[in-house]
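In what follows, subunit A forms one complex with subunit B and a second complex with subunit C.
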Partner chain A sequence: MNKLRILIKFEWLNFRADKGLLILTALALLAGLYGIYYGTTEIERQRENIAALEVLTEQNVEEMKMKYPGDADAGDLGYYHSTFAVNHPDSWAGLSMGQRDLNPYYLKLRLLNLQSQLYDTENINPLKVLSGNFDLAFVLVYLFPLLIIGLCFNILSVEKEQGTLPLLLSQPIGPALIVGAKLVFRIILVLGMALFLSVLAMWWGRVVPDVRVVLWFGVVVLNCLFWFGVAFLVAALQKNSAFNAVTLLGVWLLLTIVIPALLNVYVSVKQPVPQALALTIQQREVVHGGWDKPKGETMEKFFALYPQWRDTAEIEGGFAWRWYYAFQHLGDVAVADLAKSYEEGLYARQQLVNSLNVLSVPVNVQGVLNAMAGSDLPAHLDFLKSASRYHDSLREFYYPFLYRQVPFTHADYAGEPRHSFTGSPDFTTIYSGLAKLLVSVLLVFTAALLLFKIRTVTVK
Partner chain B sequence: MVRSIAKKEFISTLRDSRFMALSILVLLLLLAATIVGLQSYKNLQEERMVAQQTVNEQFANAADRHPHRMAHYGSYAFRPKSGISFLDFGLDSYTGSSVYMEAHRQNSANFSQAQQSTSLIRFGEMTVAFVLQMLIPLLIIFLCFGAFTQEKETGTLKILLSQGISVRELAWAKIAGYSKVVALVVAPALLLVSILQFGRGGFEADGDVFIRLLLFILSYLLYFFIFIVLSVVVSALHQRSATALVSLLGIWILACVIIPKATANLGAGLYTTPTRAWMDAEVHEEVKKRIDGHNSNDERAEALKQELFKKYGVNSLEELPVNFDGIWMAAGEEQSSRVYGEHFDELTAIFEKQNNISEYAGLFNPYLAVRHLSMGAAGSDFSHYVHFLKEAEEYRYNQTQKLNQIQATQLKYGDKETRLSTDTWKAFEPFTYETPDAGWVLKNHVVSVAALLLWLVLVSTAGIKLIEKIKVA
Partner chain C sequence: MNIVLEARELRKQYQDKLALKGLNLQIQAGEIFCLLGQNGAGKSTTINLFLGFITPTSGAAYINGLEVASNVTRVKEYLAYIPENVMLYPNLTGLENLSLFSSLAGFKYAEEELMHYLVQAGLPAEAAGRRVGGYSKGMRQKVGIAIAVAKHAKVLLLDEPTSGLDPKASNEFSELLLKLSDAGTAIFMATHDIFRSKAVGTRVGIMREGELVDVLPAAGLEASELEKLYLNHMHV
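Right, the complex of A and B next:
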C-alpha cells in the first residue's frame, strides 16, 4: 500500500511538471464550465420564453374583450382566440438538453382541427441545431473520453520510450503496480473533475435533488471508468505511444461518431415513419371537404361521438360555428389512425435505439442523461399527447357555449382551461442503461486484465 | 532528387500495411456513405414528389367552391432535395420538408428528419461529406505525422541534407509524395460519386450540377492539401513522432469537434432568436395598426371604399363593377404579407448573423470553411433553405391574390354562396421549385472560398518558412 502511495505521489509531481497535461486538463475543465453555463442559460431562456407566452395569452384575451365588448359568440373566440400548450423544462434539463432545442417547447392552439396545429415548429436556426448543444452532457460524453485518452495513451509506453521502465522495474515493484498506480492517479483526477462539474451544474441549475443525483453520479463514474478501461486495454497491448494514440482515437471515433451514424441509418430504414406527409395531406382533405358535405351528415357523425349534444337546436341557415367545429374535429377523427401509427412509429424508433445502444457506450450514456433530464424524444411525444388532451379539454369547455348557445361573457375567460406540462425522467431507460453500462465497464476491464496477465511486460 | 524523395514516400506508404488497412476502411466508409446517401435521397425525394403530385391533383380536381374557400384550402410546398444533396445532407435533416400555404397565414416548415429522430441523429450523419471532412484529415495526419520526426529520430535527416537538397525542397518533395497517396485514396471515391451522379441523371444532367460537383470536389482537394502541408509543418516543428502525432490529433479534435459546436453556440448566444409566438403576435399587432400608423382597420376599409366610389363614379358597394370583398381581402393580404415578410427577413438576418460567426471562423479553421462550401455546393445550406421558404411564400401570396382577384371580378358583393366550377382551379399552375445556380452559391460563400485560398497561401508560404527554420542537430 505504501508503495502505491509513493507511486501516486510521484505521478502527481510528474503531472504537475507536464505543461501539456496541465493545459489539457485545464481545457477540459473550462469546457465543462462553459457547458454548464451554456446549458443552464439556454434552458433559462426557454423558461423566460415560456413565461412570456402568458403575457401573449393575456394580451390576446384583452384584445378579444375589446373586440367583443359585450357578450361574445364562443364560436368567434374559438377562431380568433388562442392559448398555448407548454412543455416546461425539467429542473435537470440544463445539464442535458437532448432534443429540447429541436422540438418546439410550446404549441399555439385554437379550437380548430388539432392535427393541423400539432406539428408546427419553432423558429430554429438549422445550422445551430445541426452543430448541437455544448452542454454538460456533451462535455461528459464527447470530451471527457478524449481527456482520458490524452492522459492515458502512453501510461506504459512512455516509460519504455524514455528508457525509465527498466529502472523502475529494478526496484521492488511489479509492472502491475506501476500501471495500477498510474491509472488510479488518473482516475482520481478525472473522476474528481467530472464529479466537481456535475455538482456545480446541479447547484447552478438548481435541480430538484432526488434519486437522480445518485444516478447521475453513477453514470458519470461508469462512463469515465469505461474509457479508462479502454485505455488500459490498449496499454496492455504494449505497443508504442503513437500506435496507442491512433488506436484510442480510432475507438473513440468508432463509438462516438461512426457507430451512432450507422445506427441512425439503420433505425430510419428499419422503422420508417411515412405517415407524416400523408397525415397532413389527408387531414386537409377531410376538414375542407366538411364544407361540401350536407350539414346533417356531419352532425350525425359528430353526435355519434358526443351523444350528449344530440338534442340541441337544429342548425339553420348557411353557417353555424358548432357545425364548423364539428367538421374540424371530424378531420382529427379521420386521421386518428394515421396519427396514432405516426406516434407509435416514433416511440418504436426510441425502443429500437434502446435495444441497440449496447453497441456504443456514448449512445447509451447520452440516452440515459437525456432520459434523466426529460429531454429526449419520448418526453416530447408525451408533451404532444398532453397537448392533445388539452385540446380535448378546450373543446369540452367551449361545447356547452356552442350547443346550448350560451353567450360567452368576459367572466368566462377566467374559466378557460390552461395547460402546463413538464417532462418526467424515464427511469426504465435510466436503469436499463446503467445496467448495460456496468456490464460494458466490467467487460472492458476483464479483457484488459486478462490481456495484461497474458502478455508479460517487456522492457523494450 | 525531389522527385525520388516523393517517389520514396509514395512507395513506402503503399508498403505500410497499417496505412493500407486504414485507407481501405475509409474507402469502405465512403462507399457505405454514398449508398446510404443515395438511398435516403431517393426515398425522401420520392416521398415528397408523390406528396406534391397528390396535392397538385387534389387542387386541380377540387370540388366546385367559393374562391375564398379555395384560398383557405390552399396548397402545399414539399421541398425537393437538391440533385447532389446525397453527398452532403447538410442542414436538410434539420429543416422542415412541408409548408402548408393558405390565405392570411404563413405556416412553418414542418416534419424535419431530425424531429422524427431520437437523439442518435445528434451524433452526426453518415454522409460522403462527413468522411471527407473528418476522416480523411485523420488519415492524412496518420500519413504525415512522422514526415520529419522520423528522419530526425533515425538520424537520416542530416544525411539527406548533406546530399545537397535544401530543407525547403525536402518539404515539398514529401508533400508531393503524400499528396499522391491521398489522391490515390480519394480519387476512386470521387470518381465513383461523379459517375453515380451523372449515371443517374444521364448526361443531359444540366451544367449547373456539373459546376456544383466540381466546386464540391475542388473545395475538398484544396482542404486535403492544406491538411497535408499543415501536418508536415507540425511534424517538422517536433523532435519526436509521438508528440507530433499528439499535437496533430489535438488540432484535429479542436478543429473538427470542438470549434464548430462552440461557434454555432456562440452565435446563438450573441444574437437572440425571437420565438415564433412573439413574432406572430408582433406581426398581428403591426398589421392591425399599420398604414399611416394611425388608421384603424375600419377607417382603412372606409378610405378604400371612397377611393373606389370615386374611381367608378358610384355611391354604394352594390353599384361597384368590382366586388369589394375581393378587393378588401387582397388589400389585407398584401399588407399582412408585407409585414410578415419584413419580420421574416429580420429573423433570417438574425440567423445569418449567428451563422456568420461560424462562416468567418473558417478563416481560422479550414474545416468550417470546407463545411460551408460543401453544404452550399450540395444545396443543403441555410441560404438554400431560406430560398425555398421564400419561393413557397411567394407562391402562397400569388395564389391567394389570384383567388381574391377572381372573387373581385367574377362574384358579386356579399356573395358567399356562388361556387366556381372545378375548371377554375385547373387553370392554376402548381408549385414548382428550381434550385438556384452555382454562381449564387459562390456568392453566398465568398468568405469560405477566401478562407480556403488564404489557408492555401498561408501554409505554402509561412508554413514552409517555418520548416526552413528548423534546427538540424
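Right, the complex of A and C next:
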C-alpha cells in the first residue's frame, strides 16, 4: 500500500511536469465546462420558449375575446383559437439533452384533426441537428474516452521506451504494482474530473436531487472504468506506444462511430417503421374527402362513435361546424391503425436498440443517460400520447358547445383545459443499461488481467 | 563463508541460441567479482537472471539464499542494479528520481541526505535540482550510482557501470566500489574493462559463448597477464 502511494505520488509529479498531458486534461475540462454551459443554456432556452407559449395562449384568448365580443360559436373558436401541448424538460435534461433538439418539445393544437398536427412542427436547422448536442453527456460518453486513451496509451510501453523499466523493476516491486499505480492515478484524475463536472452540472442545472444522482455517478464511473479497462487490455499486449495509440483509437472509432452506424442500418432494415408522412397524407385524403361525402353519412359514422350526440339538432344548410369537426375527427379514426403501428414500430425499434446496445458501450451509456434525463425516444412518444389525450380533452370540452349549440361566453375560456407534460426517467432502461455496463467493465478487466498474467512483462 | 550470490547449473536457452551454459558461481559478502567477456558472451544474460528479468531454462540463481525465480520481488530487497545506460524519468529532477527509487526500496531520506548521495556519486550539487531530461549520459550514470548506493543492498549488480563516465569519475567510482566491498557488499560487475577489473576485483571471471571459461584471483595478477589470458580465451 505504501509503495502504491509512493508510485502514485511520483505519477502526479510526472503528470504535473508533462505539458502535453496538462494541455490534454485542460482541454477535456474545458470541453466539459462548455458541455454544461451548452446543455443548461439550451434547456433554459426551451424553458423560456415554453413560458412564452403560455403568454401566447393568453394573448390568443384575448384576441378571440376582441374578435368575438359577445357570445361566440365554439366552432369558430375551435378553428381560430390555438393552444399548446408542451413537453417540459426534466430538471436533468440539461445534462443529457438526448432527442430534445430533434423532436418538438411543444405542439400547437387546434380542434382540427390531430394526426396532421402531431407531426406539424417548427422548421429546424438541419446543420445544427447534424452536429448534435455538445452537452455534458456527449463530453463524458464520447470525449472522455479520448482523454483516457491519451493518458493511458503508454502506461507500460513508455517505461520500456524511455528505458526506466529495468531500474524500476530492480526495486522490490512487481510490474502489476507499477501498472496498477499508473491506472489508479489516472482513474483518480479522470473520475475526479468527471464527477466534478457532473456535480457542477447538477448544481448549475438546478436538478432535483433524487436516486438519479447516485445512478448518474454510477454510470459515469463505470463508463470511465470501461475505457480504462480497454486501455489496460491493450497495455497488457505489451506492444509499443504507437501500436497502443492506434489500437485504442481504432476501438474508440469502432465503438462510437462504426458500430452505432451499423446498428442504425440494421435496426432500420430489421424494424421498418411506417413514415409519419404517409400517415399524414392518408389522413389528409380522408379529411379532404369529407367535404364531398353526404353529411348524413359522415354524421352517422361519427354518431356511431359518439352516440351521446346523436339526439342533437339536425344539420341544415351547406356548412356546420359540428359536421366539419366530425369529419376532421373521422380523419383521425381512419388512420388510427396506421398511427398505432407507427407508434408501436418506434417502440419496437427502441426495444431492438436496447437489446443490441450491448455491442457498443457508448450507445448503451448514451441511452442510459438520456433515459435518466427523460430526453430519449420513449419519453418523446409518451409526450405525443399525452398530447393526443390533451386533444381528446379539448374535443370533450368543445363538443357540448358544438353539438348542443351552446353559445361560448368569455367566462368559458377559463374552463378550456391546458396541457403540461414532463418526461419521466425510464428506470427499466437505466437499470438494464447499468447491468450491461457493469458486465462490460468486468469482462474487459478480467480479459486484461488474464492477458497481463499470461504475458510476462519483459524489460525490453 | 557468507555466500550472498550464487548460480547453480544456471542455463538459458533463447530459441536457437544457448546464451548461458550451466553457470556455477558463488560470491561472498564483500567480494567484487568482475566478469569479462565479449559482446554476446552471456554477461548481461547472467545479470538479468539474477535480477529475475528473465527466467532460467534450467538451474537456479540465488540472492541471499533465496531462489530468484520463485522470489522475484523479494530478492530485490537485497540487490541494487546499475545498468550500462541508466535511464531516469526525464520530467523529474535528479533529487526526485533518487527519492522515488529510494522510497520504493523502503528508504525515506531527507533532502540533505539525498543530496549527499548524489554528490558522493559525483553529480554536481547544482545539477541535482534540474530535470534529468537535460542530463548527459555520465550525469545519469552518477544518479544511477547514487540510487544503488542509497539502497544499502547486500548485492550490487553492475552492467558496464562506468560506461559514459570520464576517467576521473570512473576512478572515483572504483574507490566507491572498494568502500562498499569493505562494508560487506557483494559486487558482481560485468565489464569489458580489463584494467578496472584488475584494480577493483577480488576475482575475475572470463566468459565466452555462455560459458565461464576461467576464474582468477585478481590479487597478484598483473593487468598485462590478465589481458593476455583474456585474449587467449577469446582466440581459442
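Rule of thumb we're sticking to: the second predicted complex is superposed on the first by the 458 of 460 C-alpha atoms of A that agree within 3 Å, B and C clash if a C-alpha of one lies under 4 Å from a C-alpha of the other, contacts with A are read in each partner's own complex, and residues count from 1 in each chain.
The rule is simple: a residue touches a chain if its C-beta (ideal position, glycine included) is under 8 Å from a C-beta of that chain, and two chains touch if they have at least 3 such contacts.
Given the structure is predicted, the values throughout are model-derived calculations rather than measurements.
By the touch criterion defined above, A:7 reaches subunit C but does not reach subunit B. Of the two partner chains, subunit B is the only one touched by A:119; subunit C is not.
A count of residues in subunit A touched by subunit B and by subunit C gives the higher number to B.
In the superposition on chain A, A:288 makes contact with subunit B only, not with subunit C. Of the two partner chains placed by superposition, only subunit C is touched by A:166; subunit B is not.
In the overlay built on the shared chain, the residue A:355 is in contact with neither subunit B nor subunit C. The contact sets of subunit A with subunit B and with subunit C never meet. Those residues of subunit C that touch subunit A in the shared complex are 48, 51, 53-55, 72-74, 76-77, 79-81, 83, 85-92, 96, 100-101, 103-106, 131, 144, 147, 157.
Listing the residues of subunit A that touch subunit B in their complex gives 20, 31, 34, 38, 41, 45, 49, 52-53, 56, 59-60, 84, 98-99, 102-104, 106, 108, 116, 119-134, 138, 142-143, 146, 150, 153-154, 161, 240-242, 245-246, 249, 253, 256-258, 260-265, 267-269, 272-274, 276-278, 280-281, 284-285, 288-289, 291-292, 318, 346, 349-350, 353, 362-363, 366-367, 370, 376-377. The residues of subunit A lying in touch with subunit C in their complex are 3, 6-7, 10, 13-14, 17-18, 162-164, 166-174, 456, 458-459. For subunit B in complex with subunit A, the residues that touch the partner chain are 29, 32, 36, 39-40, 43, 47-48, 51, 54-55, 58, 63, 65, 69, 72-74, 76, 78, 90-91, 93-98, 100, 107-126, 130, 134-135, 138, 142, 145-146, 241-242, 245-246, 249-250, 253, 257-258, 260-265, 267-269, 272-281, 347, 351, 354-355, 358, 382, 385, 416-417.
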